[in-house]
Amino acid sequence: MGTTVEALSREQVAARLASDIPDGWYVNLGIGAPTLVADYLPEGREIVLHSENGILGMGPAPAPDRVEPWLINAGKKHVTMLTGGSFVHQADSFAIIRGGHLDLCVLGAFQVAQNGDLANWSISTTEKAPAVGGAMDLAVGAKHVWVLMEHTTKTGVPRLTERCSYPLTALGVVSRIYTNLAVIDVTVRGFEVREMLPGLTLEALQEKTAAPLHISAGRLAENEHG
Amino acid sequence: MINKIVSSVEAALAGIGDSASIMIGGFGAVGQPDILIDGLVDKGARDLTIITNNAGAGLIGLARLLAAGQVRRIICSYPRSAGSVAFEALFNAGRIELELVPQGTLAERIRAAGAGIGAFYTPTAFGTELAHGKETREIAGRQHVLEYALPADVALVEAWQADRWGNCTYKQSGRNFNPIMATAARLTVVQSQHLVALGTLNPETVMTPGIFVDRVVHQPYGDPQG
Amino acid sequence: MGTTVEALSREQVAARLASDIPDGWYVNLGIGAPTLVADYLPEGREIVLHSENGILGMGPAPAPDRVEPWLINAGKKHVTMLTGGSFVHQADSFAIIRGGHLDLCVLGAFQVAQNGDLANWSISTTEKAPAVGGAMDLAVGAKHVWVLMEHTTKTGVPRLTERCSYPLTALGVVSRIYTNLAVIDVTVRGFEVREMLPGLTLEALQEKTAAPLHISAGRLAENEHG
Amino acid sequence: MINKIVSSVEAALAGIGDSASIMIGGFGAVGQPDILIDGLVDKGARDLTIITNNAGAGLIGLARLLAAGQVRRIICSYPRSAGSVAFEALFNAGRIELELVPQGTLAERIRAAGAGIGAFYTPTAFGTELAHGKETREIAGRQHVLEYALPADVALVEAWQADRWGNCTYKQSGRNFNPIMATAARLTVVQSQHLVALGTLNPETVMTPGIFVDRVVHQPYGDPQG
């Protein structure tokens, strides 16, 4: 693909995303890679994590000798509670999600389309044992939906596309994408590159992206001044 | 850091303007946030739409707001009660609009707004005047009426205890409409009898998680009046 | 009207009705006369009273020096809690009502029709300051709806009718009526007299009733044997 | 006297027959009533419809019921998980029907059944395969999907504490689906870790009022398994 730039690790993308979460936001981290974001929340910011199974104010994983058997997150891993946290039942937990009370949901994805369509729950309509969980609720409910994913599949197929070919999770919901190569906003113009790895050219990034990339106004201004 | 505590009623009500729709908690005088209502009177905001169960009694709390001529429209289930003279005078003079809603439908419409449910079918009021002109549908052999979510600009809530994250508890029958209204407004303001340090409230028994609350003002008001 | 039989007092009707409530039932007593039923619940039966404003397990009025200011019933009177009681918020309280969880609701009425239609919330469509409260929810939600009322108005107009002339509360919901003269079931045949005051004839009762009265099968059997 | 406590799992499950629809609480292993599920296996009831979030893991609890071939159909949001081998084997062999429901829609449909709401409009899943063939409606400028209440014959619930009236509390994230399922079935059976005397539970913090519960069986089961 012609670039010698070293892509970010999943941990680095998670940390990059975490640094953009403002103080005081209520955030749901989807299962899989988004869960890593919890490990990189910036010091000094109070960010309240929500878990679909009915937790507000979820803390990090416990020390092995401090596991609470009854306290798991949506990924069914043991977690802790922060001071100020609380429990709700399943209907109330999804009232929080669907009702627009979360500032942010971070989700993994198979594909994101330039109009913000999200495909992250199934790779085929004939899949064996499909599973959806809370993905569709989170995608339509959170005030901001940010996607954290590799820029392409392992075989190099772009995940940012003109139109999703995989089954949709929700229509027009993604507002920002953090990949191992770039940070990209989804706007009325389509994909707007907000940030790229140092040394990566727009052309090289475009090569790995199956829809037109635009330079965001913010970034243009930055370039003009820099 | 999250700190939703504000130091005055004025600060608690900042930004509430004319023509706002305002939910007011309470059933009768119990759980009615009188100090915040008094603040609305002092503020002088006019042309208000009030969503609440009763229409006040005597000359305090909601009755005072009505008597001050600040309310254009009231959405409630039971405006008539011992001492509801302020409401009755306005209503009989044609100076206030009334949308009468069965109490359970009112509660469910408020809950729906907070839970991101656009509308629902209820068997309540089918075949009565209060369903006049509304869509109906037979579901599982039973007739239902279509009712829409009822959101508001502001919710005024009275809590028993609150912390700086906005977590709340209520006292006995003071709970009533307060927890559901807290979920259904763009701005939720809590008048709390007690302020407690974060971590004081048991995570298992928080009744309103702080995610629903924007501002908390400490008002050791004492027992319900009237 | 030709009968010398002494009609029952409201208290006597309430006591008569109370004696029919089985052990273990969950019961809502509507505001007004039905509230009196609470004073006559038979000893030795655990009957759990529900109040619309969010109480299960409501007890009698407190002694004057034991009033809990935050503990009121749907009629806004101070009450007590029984051991085992609990509080719920307004949406949950009406989920209990609408969801069919109450065994019984006792309501007052202006009119009951022979098909079980109930009119109990308004006497005119042009009424000043109408109020509905939880009546429509209770009427459609409870497993059994029993009405407690005077057999006629003060001026002698029958309240048991072929068709309600007042605005309806709910359609076809009333299963039994306790009046100051009789206990009457509402069945597919219409009004079936279950019990009359001693000395009252069916003819005299029919005179005060604006729809045909039938003798219930149970009562017939009783007559044959007695 | 109200006494919902039964002395054996057999008595707790009495009357549950072939073809029953059964809700099973829990999210993953936490809050899953394994002893009651084992009782269903022993009972041998067949052709069951199971409503639950996950489809079990390993060879205990729900997975054991599936492996025993007693389930014809499962309604859930996330059947696939680490160790969901019993479900996957059945599904791939075409020996079990799957109705896949977004988690929040599943929770809301269960709640609706308990609350007497016939159906509701949710934005979740609009435009996706999971809304295929369903009615849609634009409400307040947003597209919604019509979803119906989901009741069941039986709900199996795991509680932390319960009393003879059936009042329950839950532990931490063991709450999840249990309180809403308790409201939505004709027969609600609770497996409780602790039995407490009536009056032990604080009326303000009962999570499932006894009105929703039919039977309680004491099972000091210990920590969630698997």
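Should a chain be cited, it is by its letter among A, B, C and D, assigned in written order, with residues numbered from 1 in that chain.
Definition applied: contacts are C-beta pairs under 8 Å (C-beta built on N, C-alpha and C of every residue); 3 or more make two chains touch, one makes a residue touch a chain.
Not measured: the values here are computed from a predicted model.
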Remotest chain, chain A as reference, centres from CA atoms: C
Chain A-chain C separation of Cα centroids, rounded to whole Å: 57
Whole-Å gap separating chain B and chain C, where each centre is the average of the chain's CA atoms: 30
Averaged-CA centre spacing for the pair chain D and chain C, given as whole angstrom: 35
Touching two or more other chains - residue numbers and ranges from chain C: 81, 87-88, 91, 94, 97-98, 140-141
Where chain D touches two or more other chains at once, by residue number: 108, 111, 115-117, 122-123, 170-172, 203-204
Chain contact topology (line, ring, star, complete or other): other
Which chain pairs touch, all of them: A-B, A-D, B-C, B-D, C-D
Chain C partner contacts - residues on chain D that touch it in the complex: 1-2, 111, 113-117, 163-165, 167, 183, 198-199, 201, 203-204, 206, 209-212
Of chain B, residues touching chain C in the complex: 27-31, 53, 77-82, 84, 87-88, 91-92, 98, 100-105, 107-108, 110-111, 122-130, 170-180, 207, 223-224
Footprint of chain B on chain D - complex, ascending: 108, 112, 115-123, 137, 139-140, 142, 144, 148-149, 169-172, 202-205
Of chain A, residues touching chain D in the complex: 51-55, 68-74, 76, 81, 87-91, 93-94, 97-98, 122, 125, 128-137, 140-141, 167-171
Of all residues in chain A, those that touch chain B in their complex: 23-24, 26, 46, 48, 50, 56-57, 81, 83-88, 91, 94-102, 140-141
